[in-house]
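Here chain A shows up in two complexes: once beside chain B, once beside chain C.
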Partner chain A sequence: MKSTKKNKGYYLISVIMLISSVIMLIPLIMAFFTSLKPLSEIQTNATTILPKEWMWSNYAEAMKEGNWLRYMYNTAFVTTITVVVSLVINSMAGYALARIPFKGREILFFTALLGMMIPPQVTMIPTFLMLKRMPLVGGNDIFGMGGSGLMNTYMGLILPYIAGSFGVFLCRQFYINFPDSLDDAAKIDGCSRIRAYFQIYIPLSKPVLATLAVIKASGTWSEYLWPLVITNKDYMKTVQIALPAFKQETGTIWNLLMAATIVTCLPLLILFIFAQKYFIEGIVTTGIKG
Partner chain B sequence: MKSGLKMSKVLSMLIVITMLASLVMTGCSKSTGEKDNSSKAEVQQDKKVTLTFFGLGQLKNEMEYFKSTIQKFKSQNPNVEFEETYANDADLNTKMNVAFAGGSAPDIIYTSISSTISRAANNQLEPLDGYMSQWGGKDKFLERNLQLGTYKSKLYAIGLRADPRVLLYRKDFFKEVGLDPEKPPKTWEEFADYAVKLTKKENGQVVRGGADIPTTNGSLFLAPFIFQNGGKIADEDNDKLTINSPEAIEALKYVADLYKKGVSVVHDGNKLDELPFVKGKSAMSFTNLNSYITMTTNDPTLKDKIGFSASLERKSKAAQSGLICLSITKDSKYKKEASNFLSLMLSDDETWSRYQTMGVIPIKSSLQDKFISDNPKVNQVLSDSVKVGITRPRTSWGAVYMNYEKAAYEAVVVGNTSAEESLATLEKNLNKAIQK
Partner chain C sequence: MLRSINLSEDTKPKLKVKVKCNRQRTEKVGYLLLLPFYSFYFLFILLPVTAVLFFSFTNYDFYKTMNWVGLKNYANLFQDDIFAKSVWNTLRYGMMTVVPQMIFGLAVAIALNGNIAFKKFCRSAFYTPYIFSMVAVSMIWMWMYDPSYGFINSFLSAIGIAPKQWLFDARYAMNAITVMSVWKVIGYNMVIYLSGLQSIPSYLYEAAVVDGANSWQRFTKITLPMLAPTTFFLFVTAVINTFKVFDAVNVMTNGGPMDSTTTMVHQIYNKAFMEFKMGYSCSMAVVMLIIISAITLANMKYGNQGNDLDIG
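This part shows the complex of A and B:
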């Protein structure tokens, strides 16, 4: 009797979850089918799900609107460097804040947390000023005047992403759970702090590093506001900045926009499929959807 | 070992101090640096100049036109380089806000009139009155165009592209219900009467609207009716809201009563590409030329079935008209070169070229006759509409006004609030927001 009740409950929950999943997937499915329709079909009053005419050529047409290979490369490059550098420096900082006792450690960590509480829109202009007036780069003199600094550069795109303190917070919370006896044992064996970090903590950090990589990658790939502000040149655009090109004054070219959106989402979708466990872990650990 | 540790600590401190010092230097260098640059610019007249241009990039052919004209200008002025940035309206505003706040404002901007006027109100733009003699004098331009680019008696923007909303109507639907297809409505009463006659209903549902009356985002639809009735939305000279007037109340009541007669299909007034008229689901619509182009591109047989008419008239004529303008920024270090560029853009040759290549309505009074004679059926209507064009309020609060008017419109048209109460609430809430 007990097992029958359990099975009924299991099936009921499964059905509810299945229906919820389908509902969540509907926008993506509609976007996909819209990407295959001719524009005239989308502009008619009648709402159809499946295209009457399947236009796979929309994807090619969408990719011709601008230098999409370049935009993809820019986004992939910025995301990769951001993830790699963030993993290194955030894990190091997290380790130091969690495992190394030093004066002002708590104040430093609190300062890092403060940074997380301030919306990026508030710091956008000061950050822009700092990067535009970076001395001796982009034609700037020693006082940071006369040139464009780090505008329209990969560094300009990457630096603010790696400067964020979210990764430090995540790693610190992870490393703080290790027992003190691990450090004691390492010390007894003659391990320096840095050696302990590389030889003991890093091998044990796969979950947090995978989670951080996934969250950073999805956040950087989806970022819109900062690339909009720091880049003016077409060759430095990222995929998110390139998408609004389909929204024109005469109207939105919905089919091409949806096609470009699907192409833009594909890398993240693939990443999610292979690393969904870490996506969920990240949400659970931090409560942040990224 | 100990001395090694001490050295590395000293080294770390030195690195931190250097980094902090460079940050402080960049932060403190603003005023001296910029003054030096401006004085240098005056001396460097014959040296390389880079003009920064921020422009709307929502039309592919327009961007291509700008690029080719910039090339033309560069060939005429070899010492001038251009840095161009194109983006849609919202993104361009974001980029400009950051650029102005960061002290790297562009030299020339090409953007919507509402954005331009709000920048004029924030003292970010250069008054253009002194440059008019270089551009041929004020009488060469449509008077209304210059009025719209004026803020507190100073000219800050020259409209380059006007986008008036005209009355498009289906001649075939007119014939169906016994109306003369060559006689579109000219007055409010005629418009309401025609709308009712042209409405088709099945089982109580509107299957073809007599006219497009927006369900939401109806501000740009309502505004011409207020002006036609002798009212005004704002006293622009004094930056004050004046919409709570008997004329505006009457206009809002008229629109709401017409909507409640069930003459329209539900739609969003801001989405011109999704208007019921464009989808063949209504008989009349106040919309722009792009709607006609979209419809006839999708169905060429509609070319002879769509009629054009200018604005309705009551106490005066008025037509909603979008306007994209050129301006020079106040902080530009190369105002002379910027003015030279505007001189090229505003020349008769370039103005006519824009009409021929992109269908842009010429904003020069000297070209109106030529424009009308090129396609009298359509261009007469467009020219008349531009001459009585109205835009969003050209005030310091113009950008926030639309949200409040949206709520006021919907409360009356779709809801049960009276026009008097709704406009009184709009006035109270907007004045509170302005004071903040």
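This part shows the complex of A and C:
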């Protein structure tokens, strides 16, 4: 590793790592090729890797089984709203906790930190009950009985997602590194805190907001447990719920199943390709800061 | 300690106030900016976590019944064979994933930190499985594990090994899920280890070379100790994630066959939303919360020690 000279070790490690990488990719490659095979080709001999006949129509056919456009729209809508609202309220809170002096700031920050160790799997039962029994919504009476409350609504899907405190922590750590002179200068110029937030801090926060957006977007798109709890109608399914349901309905029509799986993966793949820097950044910052 | 001095209104300085805080004062706009976040945080985290404690002492069944039953739910937990099994399965999952994923992650990171061909391609290849959702990855591996046409059995029969009913056999189902999980998170461990490796100053290695240390000694005496905080962090995160395992289990096996893959969250979900034993399920959630909080607090207490490792 010290010498840049290409010795025997260089070729050996390169070859080993290249082979390992290909082995890592086998499941993904197999899924892709399977999605293009006709069913007969899968059920005779699975040992062929490449499809003999490239059936791009499998994708169209898979999307016709079930309301996939609707599922994609649901997931995209929930993800977008979650990301936008989280960015706004988390950066506001992070800015307040980092830059503005007020009584009880430390204890409020510590309480928010505590929230990071409460897993959503623990709070999901009361959260579900609260949303289902929300008074005067979704057919409920004033005592929250009789209807379905916020079940099967976008509101019910989104609300718990934006409560997480990780983003506040991330933004606070980002804003706390700004020099004090920035605030002083703003104050001398007669700039209020709110205006300073919008005109000074927000324009400088592109890296942290992009990182947070990528983390939130991929997390929300991939969420499985909460949509499983809060939705039971077909028209409110997210893609992560629709995939296993598709498997249960169609059995082992693997080519269509793999086509649907790949379609649900595409947005994440595109996000990763175009925001790779922030993806890795997010992982490493989450990694180091915990 | 956190007492603040309100200079704007209180012009007459009080002597008993500590003057060590130089410019602390209260600007109310701070509360205003914090309010939206805290409203959500209170409603969807603080309130539910209190409620889950409360429900765990009741026999709430989602419809009418809700009586205070004291510690009965917790007493029942100890006699619940399926819950015991789910705890055991969760631990088994942890034992089979946590250390392997870290070892693979470290090995790959070290190999890809050096100067090799196709470095970028290799890093992406190892990382790609991590970006997809657990559900999508589970679907892909269900196809891999398919007993009649799946890739793994085809491959095994090609080299003369009898095909197995991977996900339908209680002996293999959990192992099959853990293999997939390790495959998915190697890339994550690799990225964290890579950033750890890159923060090790190169003069340490240069000095070691001057002192005649061989590459194994450089690895055990420099790389591993310098990576201790990273390793500790990855270990804690992986253990916490172990207790949250649900997606793969619910999608691939639904806890079966014969409860051989049911995990704690899977039991919480089933008891609450399939059998509607809300109170009982909440007591399981409380047990999970206690375990995860204990790990997190231990991490806060001991986790930072590695960061003091300063050789500057």
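As a working rule, the second predicted complex is superposed on the first by the 253 of 290 C-alpha atoms of A that agree within 3 Å, B and C clash if a C-alpha of one lies under 4 Å from a C-alpha of the other, contacts with A are read in each partner's own complex, and residues count from 1 in each chain.
Criterion: contacts are C-beta pairs under 8 Å (C-beta built on N, C-alpha and C of every residue); 3 or more make two chains touch, one makes a residue touch a chain.
Remember, predicted model here, so these are calculated numbers, not experimental data.
Undergrad: Answer with first, second, both or neither: which of chain B and chain C does A:I158 touch in the superposed model?
TA: Neither: A:I158 stays clear of chain B and chain C.
Undergrad: Taking the superposition on A as described, I'd like to know which of chain B and chain C A:V229 touches: first, second, both or neither.
TA: The answer is both, since A:V229 touches chain B and chain C.
Undergrad: Counting only touches as set out at the top, which of chain B and chain C does A:L87 meet: first, second, both, neither?
TA: After superposing on A, A:L87 lies clear of both chain B and chain C.
Undergrad: Name the contact category of A:S20: first (chain B only), second (chain C only), both, or neither.
TA: After superposing on A, A:S20 lies in contact with chain C but is clear of chain B.
Undergrad: For A:T261, using the defined touch cut-off, is the partner it touches chain B, chain C, both, or neither? Pick first, second, both or neither.
TA: second
Undergrad: In the overlaid three-chain picture, which partner chain does A:A112 touch, first (chain B) or second (chain C), both, or neither?
TA: After superposing on A, A:A112 lies in contact with chain C but is clear of chain B.
Undergrad: Could you say whether A:L97 touches chain B, chain C, both of them, or neither, answering first, second, both or neither?
TA: It touches chain C, and chain B stays clear.
Undergrad: Examine A:L170 and indicate which partner it touches, taking first as chain B and second as chain C; both and neither are also allowed.
TA: It touches nothing on chain B or chain C.
Undergrad: Of chain B and chain C, which one contacts the greater number of residues in chain A?
TA: C
Undergrad: Under the stated touch criterion, which partner chain does A:I215 make contact with: chain B (first), chain C (second), both, or neither?
TA: Touch partners of A:I215: none, neither chain B nor chain C.
Undergrad: Please report the chain A residues shared by its interface with chain B and its interface with chain C.
TA: Touching chain B and chain C on chain A: residues 43, 45, 124-125, 128-130, 225, 228-229, 244, 247, 252.
Undergrad: Can you tell me which positions in chain C touch chain A when the two form their complex?
TA: 2, 4, 23-31, 33-34, 36-38, 40-41, 43-49, 51-52, 55, 62, 108, 111-118, 121-122, 125-126, 128-129, 131-144, 146, 148-151, 154-155, 158, 183, 186, 188, 191-192, 195, 205, 209, 230, 233-234, 236-237, 240, 243-244, 246-247, 250-251, 265, 268-269, 272-273, 278, 281-282, 285-286, 288-289, 292-293, 296-297, 299, 303
Undergrad: Name, in rising order, each residue of chain A that touches chain C in their complex.
TA: 1-2, 4, 10-11, 13-14, 16-18, 20-22, 24-28, 30-31, 34, 42-43, 45-47, 88-90, 92-93, 95-97, 100-108, 111-112, 115, 117-119, 121-130, 159-160, 162-165, 168, 192-194, 197, 218, 221-222, 224-225, 228-229, 240, 243-244, 247, 252, 254, 257-258, 261, 264-265, 268-269, 271-272, 279-280, 283-284, 287-288, 290
Undergrad: Taking the complex as given, what residues does chain B use to touch chain A?
TA: 22-23, 25-27, 29, 32-34, 36-37, 56-60, 83, 85, 87-88, 91, 94-95, 98, 101-104, 272-274, 276, 278-281, 290, 293-294, 298
Undergrad: Taking the complex as given, what residues does chain A use to touch chain B?
TA: Those in contact with chain B are residues 40, 43-45, 124-125, 128-130, 132-135, 142-146, 148, 225, 228-229, 232, 241, 244-245, 247-252.
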